[in-house]
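Down below are the structures I want you to see.
Same chain, two partners: chain A is paired with chain B first, then with chain C.
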Partner chain A sequence: MSLAGVLFYVLALIAVLGGVGVVISKEPVRSVLSLVGVMLALAGLFLMLSAQFVFAVQIIVYAGAVMVLFLFVVALLGPIREGPSGPLKLHWAYLVVVLAPLTIGLWALLNQIQFRKPDGLDITFFGTVEQIGYGLFTTYLYPFELTSILLLIAAVGAIYLSRGGRSAEEEREGVEGRSV
Partner chain B sequence: MSDYGQLQIGNAGSVDAVQFLLLGAVLFVIGAIGVIIRRNPLVILVSIELMLNAVNLTLITFARQLHNTEGQLFALLTMVVAAAEAVVGLAVLVDVFRTRDVDDVDELSELKG
Partner chain C sequence: MRSTVFLVPPDPFGVYSNPIGHWLVVVIAMVMLVFVLLTATAYTVYYERRVLGFIQNRPGPNRVGPLGLLQLAADGLKIAFKESFAPVGVDPLLYVLAPGIIVVAAFLSWAVIPIGLSDSFTYWIANLNIGILFVFAVGSMSAYATLLGGWSSNNKYSLLGGLRAAAQLISYEMALGLSLVPIFMITGSLRLQDIASYSVQLGPYHGPLPLIVVAPVSFVIYFISAVAETNRTPFDLPEAEQELIGGYLTEYSGLKFLCFYLGEYINMITTSALAVLIFFAGWHPTFGFLPAILTFAVKVVLVLFIYIWLRATLPRLRYDMLMRLGWKFLLPLAIANVVVTAVIVVAVS
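Showing the complex of A and B:
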């Protein structure tokens, strides 16, 4: 097997084991740390697929910032333990009904897949910051600008939600109290 | 028929694009199972992040296979949306947990008609 194949299987194994760890961990903090492992493995796969910029963003923004946010919330909320799960009737039947068509469909799809001829873009400069930036500021300028509005809305919404549970009446009383 | 599905990885040989797609599908299904079977709201959010990452892998695989950067641009936009979703989701979570102790999302059923 070629070096690329070995690298792929190592990273894929880390990603799948991390994914399973996310789902089966009893402690939320282990789930979050498993997800960090998945994201780092996926970042390596992105690099193999010559997506250098996405690789950097994945590590800095995702594995760095977003996961730190998750860890802060875990630390803030303290340990949450899930109680024993209640009985779900026919859960094996549900599993088969959901997974069988998915597996068969996926297998059929990927077995029959025929890849289109590549567009012929120069692969040497593929995925560089220059190319990504060119795409973001020409063809996809509007989506790019819309994401800034989305981020602003998310930031304002998060501040509003975590501002505290004081009702409007309490706020007014507080202001009057101070003025007196 | 020439095989366009074989992706050259630098000088280190080639990997079949189907393998990347299968990995993305497997991770997506693991995340979906996590969303369904876990009842801790925080773990559900983490599983959703896992699903979004799996989709990013698929987008970037096809971008590489087609030599087309648009897939990578979409992956970047997905990351922005995922970050916004995580921020708002966690803020809602903190707000809910401030007023009471919840260890099961099924307990949050006040909006039921």
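Showing the complex of A and C:
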């Protein structure tokens, strides 16, 4: 197996084990860290696909900002350990019922797939910041701008909701009252 | 469109084209880098203490070795032989992992930082197309070190310090990233070599241009955010002694404590080196007579001086002032800077 093949399986294994860790960890902080592991392994896989920009953004945005916020909230809530809420019944049966069709379906879907390089691939240019920027501002300009507006609306909405229905004056008074 | 993915490195004896020779060169470069960085860190601490002493009208460390130059060797040995003590109730894995993360992240950033050793020979380990994004990506990992260190210590002061550090890092990362967008617009590259070697042809002058001349606002935003990112005074709320004992460092001792300090100082040198590469034309001659490597070193030392000067001069910010500065002043200013630069770049080209 080539070095790339070994790297792929190592990263894939980290990603899968991290995913399992998210589910089976009893402590929320460990779950968050497992998810960080998944994100980093995915970033490595992106890099192996020559998507350098996506690699950097995956780490900066997901591992560096979103997961830090998750961890922040979990750490703020304190060291409450989650115990099982009740005895589980028939969970192995549920697992088989859900997983078996999924596995068969995925196998049937992916069985016939032949992988090949995209046509006209220039590997010195593919996945670079230049190419992604070029794509975003030419072919995909409208989807890109619409997504930006959607994100802006979501951000403004989140700020409005987190005020808890108070007006701007009440908010200012509240802050001054607390800062003594 | 330009495509600048691979630059050909200088290959004096044909070692670089041989795959084993290539790896050998890279490994030797990495080992040298670790030693150079460790030494640089020790002397940054010494430099800081001497400059602080000078500013505060006292001698500073001047007893160990000539001019006190061996002070940090003595301090390092002393702290390495201290008992590495872990209090009861810590999370054993994360408590040890946190100092490891910060040191690994601090060293990894240097993989993409180029250093001109002479006018024709530039040293680098990885010459990435995304250069500076890699530094940001790795740097954002150090938020985990402070947050996990604070959380796993089982101490309320540590936890508060860790939470403060995480909130501060996330808030100032935005301004830090946006402050450099005008630079990318002007130079058209994220690769640090290209940014440092950005040249202009202005009348009789043809040569590298220190970008601070064209983007002074970017430098101010970058530097303030960098000071906040490295948790240095006046942004050292995560380890404010009067409020939080030692913040996230409270329960750390011995080598693990040393790791946190090492990480902090390497990050300080990293941000200074980045400032030199981006805003002050890197190793390209500014002082005329000095060789490239010394030009670079002198510039880094001068930027580090600003760090220490700030520490000696300014009192610590209050928490709400910190957040107001980051979100209501630096971030809008950085966005306005991007817009204005974009208009000018389009108008000029």
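Just so it is clear, the second predicted complex is superposed on the first by the 145 of 180 C-alpha atoms of A that agree within 3 Å, B and C clash if a C-alpha of one lies under 4 Å from a C-alpha of the other, contacts with A are read in each partner's own complex, and residues count from 1 in each chain.
The rule is simple: a residue touches a chain if its C-beta (ideal position, glycine included) is under 8 Å from a C-beta of that chain, and two chains touch if they have at least 3 such contacts.
Because the structure is predicted, anything quoted here is derived from the model rather than measured.
In the model built by aligning both structures on chain A, chain B fits alongside chain C without clashing.
In the superposition on chain A, the chain among chain B and chain C reaching more residues of chain A is B.
In the superposition on chain A, contact is made by A:Leu161 with chain B only, not with chain C.
Of the two partner chains placed around the shared chain by superposition, chain C is the only one that A:Leu71 touches, whereas chain B remains out of contact.
In the superposed model, A:Phe53 makes contact with both chain B and chain C. Look at A:Gly135: by the touch rule set out above, it reaches chain B but stays clear of chain C. In the superposition on chain A, A:Val36 contacts chain C only, with no contact to chain B. Superposed on chain A, the gap between chain B and chain C at their nearest CA atoms measures out to 11 angstrom in whole units.
On chain A, the surface patch touched by chain B in one complex and by chain C in the other comprises residues 53, 57, 65, 69, 76, 131. Note for the complex: chain B touches chain A at residues 1, 3-5, 7-10, 12-15, 17-23, 25-27, 29-31, 33-34, 37-40, 42-43, 45-47, 49-50, 53, 56-57, 60-61, 63-70, 72-73, 75-77, 79-88, 90-95, 97-99, 103-104. For chain A in complex with chain B, the residues that touch the partner chain are 1-5, 7-8, 12, 15-16, 19-20, 22-23, 25, 28, 31-32, 35, 38-39, 42, 45-46, 48-51, 53-54, 57-58, 61-62, 65-66, 69-70, 73-74, 76-77, 80-83, 85, 99, 102, 106, 110, 113-121, 123, 126-127, 131-132, 135-136, 139-140, 143-144, 147, 150-151, 153-155, 157-158, 161-162, 165. Contact residues on chain A toward chain C in their complex (touch as defined above): 29, 33, 36, 52-53, 55-57, 59-60, 63-65, 68-69, 71-72, 75-76, 79, 122, 124-125, 128-131, 134, 175, 179. Residues 1-3, 5-6, 91, 94, 128-130, 133-134, 136-138, 140-141, 143-144, 147-148, 150-151, 154, 159, 162-163, 166-167, 169-170, 173, 177, 190, 320 of chain C touch chain A in their complex.
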